[in-house]
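See the structures that follow.
Same chain, two partners: chain A is paired with chain B first, then with chain C.
This part shows the complex of A and B:
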């Protein structure tokens, strides 16, 4: 076999593999995660480094254009972009004309697979960088290891100072702390959220919210039921209870699929994402899934005792976070129509990541039961609808800092993901999206 | 002759390793895609780093490393024991249990002191 034939054979094999995808979420992409994760032909990654296709879902605000271009440039060659419009605006900004444009109702899976196959086989050229090849400052390295100055931490290579020392929160050994800005397209964080984190090793030494999640982005939480109810969550018209509860189940399952992917349980994440795309009409259809998750020792071990929120903090977060901490606060408990359906709030006790995913799974099952019992029942006009994910508390940044400082970074990311604040909710928007 | 054969195997492994490294460098040199400035920085969600990533951190797993060394050495002592335990009989069995028990006490002590936790 000649070298050319071998290369052709390898290319053909590579083109048939799962397409490695990095998802950059924008506005109007509630089910983008679930649709990509449910596909057996795609592999959604947490970093663009190993991805070959960048999927930009929804509209990207102007202020996020440069970070998005940097994410694009950080993919290895060969690379392609698929621009997946989520809010009817199918025109990507200037500079992205090379991207494949896919409408909100089009087959995103087929488009991504085609883009991947074309770019691997050479039918489509690998995309060039979008940002200029300019360093923020000269290297100016003079030391034997190019450290930019005299001494271990004496220089500022590329204009970036070396790490400084800081107090250690565990055993007092003073070593370096590193400042990093995380976001706005970091997987598992709400879209647009930028954290300024000081790391001491893998422990969060300090944390500040620099930019709140982008208002209007519904990646973590769709309104109830999806687009039918406004963000006020107290619509002036009657809304079918079955539609509300199925939307609630859908959102809980989407969230659960993302959390399972975060913990590396991709097979379970794919199963849950499939359920989220087509919510079962009978609660028994989630029985086997519930049993598998409850018996998954890895998930229990990784989530138990992590990110504990209780007492006043849990009440501030509200919704499933509060109920997972034993606070039975739920707007549906005061609803006449829900009273006729025999609704009782589900609560858990510990308020940790484990109880939060168990809470949402139980609420998804309960929502399907309520939808099945509701028939044609509707809410009363003006009745407050309990959101699947409430808005973040007013002191969002302070709450996150109090919760996450001192934890390991993996637990910190998992805890943020487990909170699932809905930045579209009325309480968040009325505050002008500030923290 | 047997020793020479073993040495030739080592030489073959060494040669293969060097060949693989050289092949990798040759392929890397032929790849005409030099990394640009945005491609060189680590991914943190789309923002450029403000601080250089070179830093010193506390290798907190050093206690685990010491424990591993302890039990690695234990195996060294068990090899001669394995040679003689059939001839020595029950006495050898009892002695090795005492030996392992003493080491196990060390593990229990480390566990109690929370030295086995990653943090």
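This part shows the complex of A and C:
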């Protein structure tokens, strides 16, 4: 067998592997994660390095264009991009003419698999880098070691801050601290969220939300289209209760799938993502899943007592976060149509990560029950409908800092994921200007 | 030992590593399908081979000023340690790659040294998330090594030997899993930690975007994952020999018993990934030091009583 023939055989075998995908979530990416994760032909990765296909979902504000290009350039060759528009854009975005364009109603799975097979077999050229490969800043050449600091620490030799001494924030053990920016496409942070984190080992020594507020927010939530049902359509006209509640269940299940993946339960995450794509019409269909998760002592153990938000803070977050902290605030409790369905808000007591996932799971089951009971019932025009995930408080960045400084990074990520703040709804990102 | 025997031993260990690592990947996919409620697909068997082919096709990425040599060394060193650990585990009464008197010590040493390649894989890319993964594994290794070594030490007491062959032979009539009931759970905890698998996957967790492997791709990534799978195989084989009577059993040939027992432990270890969430680093350390080390010491005392 010649080298060429063996290479051809190798690529043919590789092309049949699950396509390794990195998902860059923009605005309008409601079910992007679940749709990719539920597919047995795709493997969603947490890092772009080993991904062969970059899926850009939704609208990407111009502020995030450079970070997106950086994500693209980190991928190994051969690589391809699939631009999955969540807002109906059909024209190739400027600077991304090499990408496959997929509409919001198209078969994303088939498009990604096709792009993967083409690029692996050589039918499509691997994409070139988008940004110049240069240091963010030159070598300083200052100080005893030329790194710009004092002694062997400090300084920003290539624009990357070196480790330096920091105050003890937790247990009496003073460690070197190092500054890093995480986001805006970090797999387990909300879309667009950028954190500037000072690490002391595994501990968050300092944390600042750095995503810049941008003018032009149009008031629509980032998680279209389901939020459209609950947040934008309801005030103007009557909406079928069943549609609202199924959208709510879908959103909670999608959230749960992402959280399970974060805790390493990939198979369960796939199961939940599948259910999120096709929400069961009978609550009994979630009974086995609920029982399995409730009995998963390790999940309870990993989430109990972590990221506690209660009292005034929980009230400011509203929605499932508040109810998980024992605050029975729910607009549905004041709705005549929900009263006929026997609606009672579900609450938990502790306001930690554990109660937040239990809250959302219980509300998903409840939503399916309500949808089944609702039949053709509709809300009254102008009626306030409880959104599945209300916008976070305007000062959520400060709240996150107060909550997470001094915690381990794993707990910090899990807490942010459990709160799932909608950065766009909080006014941090523009939706109008896209890449 | 003749040159032919040397080469035979090396080939045998190599084959066991390759077959074992592939079985880990297949078992992982099969258990995932069961948990996810999906039908068993042909890709469960062929999938790992396709992933390896992809690793061979894909380029190796690099980072800004990495320590390239140390980075490249990490997966090879980890695989080598797994092979060294497996080499001292007897497949049957007469079939053993490295017949040394202090096999238990060598196995423990290989496990202890695993901290080096894991740290190298996290430190070398010069990137923050892999570095945090490396930090985590240092804390993890300091926590699991004591229970691990004490659990291994306990099985040597009734055998009055550090030879794994003698340890298996000492289980005629009563396996260590029965007379030292704390030993196997402690050992499995350490085995999953050593391969940072499932609930013990602190250095390569999703919260670190893959941790020490966050910056790797291509063949490097394949080798790294193969190393983890090989370490699971070595640990499962040692668990079968040290606690489940190794080749001892009725009816079947000794090697068959050893393979069956190893596979049972391997499925247990692999399956833990799909039923147990990743533990928090802080709780992991606290439980290890405050609960598992005392239990491991108690286990050694039980072993001393058994040996009287």
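In this section, the second predicted complex is superposed on the first by the 369 of 435 C-alpha atoms of A that agree within 3 Å, B and C clash if a C-alpha of one lies under 4 Å from a C-alpha of the other, contacts with A are read in each partner's own complex, and residues count from 1 in each chain.
The rule is short, and it goes like this: a contact is a pair of C-beta atoms (placed from the backbone, for glycine too) under 8 Å apart; a residue touches a chain by one contact, two chains touch by 3 or more.
This structure is a prediction, so every number in the text was calculated from the model and none was measured.
Q: After lining both complexes up on chain A, report clash or fit for chain B versus chain C.
A: These partners clash in the superposed model.
Q: Considering only touches as defined above, state whether A:312 meets chain B (first), chain C (second), both or neither.
A: neither
Q: Of the two partner chains, chain B (first) and chain C (second), which one does A:45 touch, if any: first, second, both, or neither?
A: second
Q: Should A:265 be classified as contacting the first partner (chain B), the second (chain C), both, or neither?
A: Touch status of A:265: second partner only.
Q: With both complexes superposed on chain A, which partner does A:94 reach: first (chain B), second (chain C), both or neither?
A: neither
Q: Where on chain A do the contacts from chain B and from chain C line up?
A: The overlap between the chain B and chain C interfaces on chain A comprises residues 47, 49, 74, 77, 135, 158, 160, 178, 180, 186, 201, 408.
Q: What does chain B use to touch chain A in their complex?
A: 33, 36-39, 41, 43-58, 60, 118-119
Q: Chain B touches which residues of chain A in the complex?
A: 47-49, 64, 66-71, 73-74, 77, 129, 131-136, 147, 156-158, 160-163, 168, 170-171, 173, 175-186, 189, 194, 200-201, 203, 408
Q: Quick check: in the complex, which residue numbers of chain C touch chain A?
A: Against chain A, the touching part of chain C is residues 31-38, 41, 43, 46-47, 49-51, 53-54, 56-61, 64-65, 128, 132, 135-136, 139, 198-199, 201-202, 205-210, 213-218, 221, 273-283.
Q: Which stretch or stretches of chain A touch chain C in the complex?
A: Chain A residues touching chain C: 10-11, 13-14, 16-18, 20, 40, 45-47, 49-50, 52, 74-78, 120, 135, 158, 160, 178, 180, 186-188, 199, 201-202, 260-268, 270-271, 274, 296, 298-299, 301-303, 306, 408-411, 413-414.
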